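In the two assemblies presented below, chain A is common to both, partnered first by chain B and then by chain C.
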Partner chain A sequence: MHMKEELRKFIVDNFKFGKGTIDDDESLFESGIIDSLGRVKLLAFIDETLNVPLDMRDITIDNFSTLNQMAETIENKVRNS
Partner chain B sequence: MPELLHNLLTESAGKYADKAAVTSRGKEITYGDLNALSNQLSLGLDSRNVRTGDRIGIYLHKSIDAVTAIFGILKSGACYVPLDPMSPVERQILIVNDCSLEYLITSSKKLPDVRQILQSASSLKYIFVIDIAKEECQEQISGVNIIFKDEIFKTPGTSMEQPQKQVTESNLAYILYTSGSTGQPKGVMIPHKAALAFVNWAWKCFNVNSDDIVSSHAPFHFDLSIFDIFAAVKAGATICIVPHELSSFPRSLSDFIEKQKISTWYSVPSILTQLVLYGNLEQKNLSSLRQVLFAGEVFPSKYLRRLMELIPHAKYYNLYGPTETNVITYYHVAELPDVNTSIPIGVPCDGVKTYIVNKSGAIVKNGEMGELYVSAPTLMDGYWKDSKKTESVLFKNPSSFLPSANETIYKTGDLVNYNQNGVLEYHGRGDAMIKSRGYRIELGEIETALLSHPDINEAAVLGIPHDEIGTWIKAFVASKKDSAISEKAVQHFCSQKLPHYMVPEAVAITDSLPKTSTGKIDRKKLEKESI
Partner chain C sequence: MIYGIGIDLIKIERMREATDKWGRKFLEKVFTENEIAYCYQKKEPYISLAVRFAAKEALIKAIGSEIAVPLTDIEILNYENGKPSIKAKNKLKDFFKKKKIKNCHLSLSHEKEFGIACVVLEK
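What follows is the complex of A and B.
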């Protein structure tokens, strides 16, 4: 599965408990779908399942708020490592 | 003139008319404008027969509009009831019905939810949509009076007027709903005099002044917001609303604190822990930050120590007090704390008397641990429409340990002792209440939600200690025979009934839960299994 789709599935499964879907540009933290504890789970998933260790200190509201931004941040990390 | 919360705004608007009162997401409002707009809202409420003591709901995210709503409601003589904008509709309905709300102030974004609430809440008569004009509205809502922005704020010529209402210090200012162990949230009723006793103390103690930029991190249904809003307004300071999503991005949050030049910060400790761990604080210029206040849960000493090392010029204060009492004790952390000891909750605030009581109802001997009882000018009146629960925690002159006959005493349920230096130390709860990310959670409320699922026979919920967030929540449920429920399905079910911070992070499903010899669910055994 494409990385972005894996991420979408994880978010829907874990933060919407398998119901509905999320849009590519939906602001997931502003709407409350993901909170600070959810972010911890999400980073663990990206590290353990997608094998991309992101540093919390690299993550900002501007590069990690939406599915598209998350995918881009992960791709950049892969490219630069 | 009686001392009332909204007079703080009228007075500051007189002195600081052109100064920024609130900043939020790039917008700003001056004291003069905040006063004028809240006057107009109060006149709009008054003309729809709001009476002194009526309860008016606020269903808005933290914003300039929400602050305007708070003052508009208070000026109309009513008390405000802030709903958690992130909670599911089912929980809003419980509160709207419990409080028999007739008036609700909300925004266009929330109208789809409001429509759902209206289907189950017949008390609502007036909906004030504070952010859009009638012609901009796409939603069709019937069976209720809807008043839009253009109608609320159309009277600039009368902006210095406010309704002439008979309001006294004993009238309610707000009702804050907290988690209730039986599944029904409890409404904590706070009168003007109790709120002002706290605000006046905090304003003086922390020297809040007109040069301050005060963070507004807590949501408005959380009692930390009382300091943020009213101590700042009393001082003519600027309330700097922190967007809630920044709490998930420590690095962006520390950027925000730097750029906004926040001078007085107040939040739960878990946010400060996140800033210490991931906020790149060593690279920030936080010279404006003169004091950091925290409350709501235990701040692990090792993270507070690190924070004090990273921002050495600021002063640090631990504030303590359940919603029912406002803040009742405080502790100035003057030196770097020892990482092996906990931060004391400190000494009583002005006018607060503390008693530590053992299980037999007697005052403990020096240094012994017991339950904290208090009398305070900041106490609640009781729980809304729940005299039984009120009587279980608030009472007058119960036994010989009380010095004066007419003092009202509140039983906090918190275990404390006096240490060698005569300051209070906190030792947890004697019951099933936990704190997670500063939120107060009755495990019984989650169990009640779980047991309302048709396929669940038994439920037990535990708080599992977590270094960074305080506690995470694990549920154990026994399902009915042939039921095919899954962890995800149970979590989804809970998310329809409970705020997100109360939805269990993990759910273990079994055929039956372990029992003690007396037939009760064996929580100790479950706890052992979880660690």
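What follows is the complex of A and C.
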């Protein structure tokens, strides 16, 4: 499964309880879909499943709010590691 | 003079679920080694972990949106008498110095399902 689709599935399953979907450019924090604890769970998922150890220092509101931003941030981390 | 105030509430069960599922990969993104060691000495580590997470979020609210602070730059320790305290590290330590924050007051509590923390920053 493509990385962005894995992220989408995890977010829908864990934060929307399997109901509906999310758009690529939807702000997941501002909309309240993911809260502060959810953000850390998402990082743990990315570490465990995608094998990319993102740190809290790697993410900001400008590079980790939407699916597209998350995918780009992960790709950048892989490219620079 | 009060610089900021923050409060946060967390369901303890959510901390247990996250910790059980992701283990150290989750813990190390939130807590320092000192905090992990302290909490796992307790009979109910999830309560201690949950209130510490709430304390970190409360502190971030007290700071406002001026800087993004990694959760591991905030260390929640306890004095010998059990009173909790906040140790600012790295980026947060620099921020406190820049803003001349002299005191960081913290209160923690929990009851069955929930943990809560309140932080007051004083200049």
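Simple rule for what comes next: the second predicted complex is superposed on the first by the 81 of 81 C-alpha atoms of A that agree within 3 Å, B and C clash if a C-alpha of one lies under 4 Å from a C-alpha of the other, contacts with A are read in each partner's own complex, and residues count from 1 in each chain.
In this section, a residue touches a chain if its C-beta (ideal position, glycine included) is under 8 Å from a C-beta of that chain, and two chains touch if they have at least 3 such contacts.
What you see is a predicted model, and the numbers here were worked out from it, not measured in a lab.
Looking at the superposition, the partner that touches the larger set of chain A residues, chain B or chain C, turns out to be B. By the touch criterion defined above, A:19 reaches chain B but does not reach chain C. In the overlay built on the shared chain, the residue A:81 is in contact with neither chain B nor chain C.
In the superposed model, A:27 makes contact with chain B only, not with chain C. When the two structures are aligned on the shared chain, A:64 is found in touch with chain B, with no touch to chain C. Shared-chain residue A:56: touches chain B and chain C both.
Using the contact criterion defined above for the overlaid structures, shared-chain residue A:43 touches chain C, although it does not reach chain B.
Within chain A, the residues touched by chain B in the first complex and by chain C in the second are 36-37, 40, 56-57, 60-61.
The residues of chain B lying in touch with chain A in their complex are 86, 243-252, 255, 270, 274, 277-280, 437, 468-469, 472, 488-489, 491-492, 495, 500-501, 505.
Considering their complex, residues 13, 16-19, 27, 29-30, 32, 34-40, 56-62, 64-65 of chain A touch chain B.
Contact residues on chain A toward chain C in their complex (touch as defined above): 36-37, 40-41, 43-45, 47-48, 55-57, 60-61.
Taken together, the chain C residues at the contact with chain A in this complex read 10, 14-15, 18, 21-22, 25-26, 29-30, 53, 57, 68, 70-72.
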